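The structure appears right after this line, and notes come after that.
Chains: A, B, C, D and E, in written order; residue numbering restarts at 1 for each.
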């Protein structure tokens, strides 16, 4: 089957119609979040780590690490592994992804 | 449909972890998937969600499945949900078995994953066995009366009756006492917080709107004597006691009567004669009645007034209704003698205080206006039964607020009075907190005691003294001198509530109040179809909540009877004529007279009247030939379930 | 313990406006910077007040530990104004410590207070009018108008009376609040030395109140201003009467400093109360106003006297002196033992007595 | 190791089944070696079913009756008791201990009572050992 | 959104219903279902992209401990399916005009989801593709969501929605959607609807805890609200377990601060919020189940366990070992290690105390969500000083405007059983009103 003729995406159309520019603040937040997520995922490559360990290694505050980690957990990118003695979970990359 | 044609789908719910944390749902699915007749077995996080129901619907609609097992929570919660889902998809809703693997499995066996999983498998297997012999059934449709019986003419009964009448439903309102109004009327001038309107005003207004509506028939001095029938078609026999009055009388008739008794309308703080006059302006009916138990038929009143007719006889009225609302109310808790000083002069209950304030516009102790009053809260409430001493374990909800209301009212009448509140917690929930605040602002003093050290009331000279350890002040023992001690008593189910529970076979909760099916899903429904509950017959509550619950009960009754027909579950008895030899053993077993002998061709056989049969199955063991069976739960189905439970044998 | 509904009414008169609104949540106690475990304020006092537990209230030293920062009132979820209650309790306690019954009159009747003040004023002014010496209109001659010896004698008489009254009241305070057995004499003395002087001279506890540095400074300035004046009057009156000194003379400097401090302190307090600038200054009792006004006027007349003296305006100076003394009399006689100013004694003593009670409690409980 | 006793429980849809469910609601524990069949009213139980249960491998049968709460019948308890007695007789005639069949009223909120009874029954059955038919 | 809203177009159709029910929470759903069961045609309008209100976000409900989803989701499904109910989610009531007795004109804005509901299967692939992460409102910010998202697994309808305010129009979702459901050509539409009666069931909003400064909410990560705790305990929870937000540690010692924003003139609300005592007791019981070794302490003034079965529920919590301390917490401060110190007076002992907890939960009170009252034109719905709708003492669901009824938390904070009763009552009174209007018209 041949490729269907590429239609203009409706998002592109709306962008054009509204003469849309991504607000600077929003763009910055997206960039920052992406960077944090990338750092966390990199930390977890091939390892299991607690929030504390990730925070230390990536230089990001624990609460921020945890927030993004939980977001990624809900989006099936990471999963909890075993619980350490001090009540902290270790996390790892979701298997099979 | 016979066994071979049954294609069973099994759907196992995680209940978002409630089940799956304990039961290995994957294993359940795997095991029961092997059962003969099962064509699909799946698990899903929330079977009750739209998506979960859609799973069932899709399988039924495609024809892949024609019988369904859902293993989830209690059938009381979601059996109807899934039957409806099957119907929507064009399937037969009775090709269904609901397995409870939550309340009766995961929650009861938390921590025993193996045991719980085994049990879940066992139950699903039994359900599958049941369905292999299931047959499509259909509801029994019966015309419904477009009328409702409301039992109780208090606040709830009045509200519900008025709602129904306004919605175009015919209403029969039955009140035990000679006048409408119930407990709310007896609250009299006590205001309904936060609206500042006296309770009696509300009662009067409701009565005014109700009386004279053509949809409404009111029986006072009347009792529901017997109820038979079923949802949509209840036959009700009402006994109406004579008033012994044909009309009104001029002058103060009560004065001619020589008999005296405590006046219940004022909670016993005043006296009345055997002639009961309309207790308040706007009361219904506005003609007197005679308390015949007190009356010795001396005839003095008859001489004074031609309207008196002592020859009246009780009458029995029969009505047919589609639904019944029980609004039989509460009675105040009566403290035992000695309980918190009960019995000492100057110690009264909150209700007696209310009665006195209404009757006399004030209160006097030993002929003097009290200078100080102590309200003792939770008398007869919130007492744990462990020691066997306590009265009621529950909180009566309205008493804190009623006590504050009464205290403010008392202060209005006696501005200088000093008021102490001796309570455990002040439960002035919601907007009522403003009432608590107002009492403080006006100088009322609040003291709190703990359950372990209840206050004691003693007599010291001509004064009362309340001794209490105040937990707010290092538990020092306070000595509060008082002229008046008010015991803030809670609610208990009224005698009428107890009687109606007995007569209609309604369930009561551990607290004695009528039991709803589910506080959130079916808050005014009882286990018996077509019978609803409203107001304080169900639980202690205040005026606003009583009115809301009455309107809610009316809503349920209205949606039932406005349709004009009801559909009954098809689970009734039937007779396999080929096995019946008309021995009549079943007939004597049936408490509803639903079985009779009919001619079927050349011979006589038993036959079941489906509208009368309640589906109890009491006839089943009586039949020597197993000819009489319950539709939807035959002997064969039960036997199969028993056999399949342990995997067809002793070896399991 | 028998409840007594009249106490709450009395305290209401003394300024505890909303206290029956209290529902005993304990926020005031937990928020109070001076509350500490074992010496919780103010909720316990609120309970005593509301229930009318007079004995308990009178036995309490805690009211003196409060410096009315107003945190409790600001945080009170019911608007019960516990700070005002503490103030009212202090007033109540002053009336209880005072055996003469005068402070009771002062606190309960603003009219009586005003009349007493006026009477003292008149008595002094008339006394000066009738008893003054030769009036030298050539130059300001204080010594001949009113010899320092006479004033000193009057001073000493008044001081002795006031001090004995205050001491008697302090002793009553001690009796009321004493809990536990007798202590060795040395303990009384060492604790007295350890607690009273430091607190008397610094009022450091007040600094524990959040955001109170300015209040503390103003309070201290007033107190020190008064202290300087006290020293000047008691020790150097003769010298002040006698001489005219250059501007840089220590006596003059001390006088200027004291006047400035008193004016600043009293002005600050009056301004604050008039503006209701803080919780503590929301509601003022008549005694508060009288005290501040007398203090301000006494200071102003003192300054005027000084001015007249150095401008050589004899008649004005003599009249001013009489008025000055007339104002000082009620300020001292009414306020020191019977009202507002008695706190200069009660506050440090309360800390001392509390410490003694602590030691007594410790003696009752053998240490582990 | 001996097998834990297996118990068949008959419950009634409106009264005793909610009662059993209330045990779960309160997280009260009882042995999971139970199987539950809901019937509208316990008076419908045929003695043959009880016998069949024992034959099919159950070690005991518990009938959770309605007692006086029964929405159908005043005398539901007596009727049920008759059926239970009949079953016990049949079992006794085959050498099975009649104690293997029990009945008791379980109200709709009587979770605690149910758990007490069923635990007690379970222990009694454990002592009895396996059924010898 | 502003730019998008400027593109709103008026819908041509003239729609008419017996009643418009505003708010798709438990009260609105119940009122709609009751009216529909009585044969009336109802338009149910919900502002959010899913119905369910607050209830379907909860864990379990007192005093029966049924799971809230199990009660709410069937009602949600039933409301969505009932033949007499038309359900509009993501829609706002812009204007209500009373034309006559029993005649209202209601303008309703239907916001674009930018997702074709009939095509969307709720698979969630668009979410995976979206690069924008923002705090998830339905989890009260405990974790993030994407700019295109499915509100919750139990949402009705379970369809994606684009949060256009945070969308960067990158087109990733549109490329990824297998059903081709993403559609940015959708425009807002304003419908003019005729109705004979209006039911207001817009419910409540939690007290904004940051207003109570002494409690440090918003500054101290491990001070959370009870609604956040509901989410942590719910089956659809944001985390894998009950964990505290500062570092993801399992809390071993949890404190409950009751009356946060209630019974407090300094917070502007002198009233009691009616449900906080009970939900805290419930959460305490659930926490003891989820964290068997945990200590739970509840700081209270009065335990208001007033309803049917509530007192028994409270006593059970006590016997389970939940600690109840009489005393209102005055101040809360965060410690460097994330722990939280509460300062209070133990009123029964009369002692000043402080305690350190791993996690502190503020039992926030409820305030009315009454924005919609501003939409009424020509008539004013009377409210009390906090903005709750005032009702008639004789008929606690009737407002001062004829034909306008109110039910649920908009008339005052209340629990679910009371809300359900009130909603059914509102339906009943509404039905009686409709009947009367009918009778007059014929």
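As a convention for this text, contacts are C-beta pairs under 8 Å (C-beta built on N, C-alpha and C of every residue); 3 or more make two chains touch, one makes a residue touch a chain.
Just so it is clear, the model here is predicted, and its values are computed rather than measured.
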Components of the interchain contact network lacking chain E: A | B, C, D
{"item": "Central subunit by CA centre of mass proxy", "value": "E"}
{"item": "Centroid comparison with chain C (C-alpha atoms), farthest chain", "value": "D"}
{"item": "Chain centre separation in whole Å, for chain D relative to chain B (CA means)", "value": "29"}
{"item": "Chain A and chain C, separation of their C-alpha mean positions in angstrom", "value": "67"}
{"item": "Geometric centre distance via CA averages, chain D-chain A, whole Å", "value": "56"}
{"item": "Multi-partner residues of chain D (each touching 2 or more other chains)", "value": "25, 27"}
{"item": "Multi-partner residues of chain C (at least 2 other chains)", "value": "23-24, 44, 78"}
{"item": "Overlap residues in chain B, where contacts from two or more other chains coincide", "value": "426, 437, 472-474, 509"}
{"item": "Residue ranges of chain B touching chain C (in the complex, touch as defined)", "value": "372, 418, 420, 426, 436-437, 440-448, 470, 472-474, 476-481"}
{"item": "Chain B contact footprint on chain E (complex, rising order)", "value": "34, 37-39, 61, 63-64, 66-67, 69-71, 73-74, 76-77, 80-81, 122, 153-154, 156-158, 234-236, 263, 270-274, 302-312, 315, 326, 347-350, 384, 388, 392-397, 412-414, 416-418, 420-429, 431-432, 435-436"}
{"item": "Chain B-facing residues of chain D, complex", "value": "6, 8, 13-15, 17-18, 20-25, 27-41, 43-49, 52-53, 56-58, 69-74, 76, 79, 83, 108-109"}
{"item": "Partner chain A, residues of chain E touching it in the complex", "value": "3-4, 127-128, 131-134, 142-146, 166, 168-171, 173-175, 182-185, 221, 238-241, 243, 245-252, 338"}
{"item": "Contact footprint of chain B on chain C as seen in their complex", "value": "1-3, 5, 8, 18, 20-24, 44, 47-48, 50-51, 53, 56, 78"}
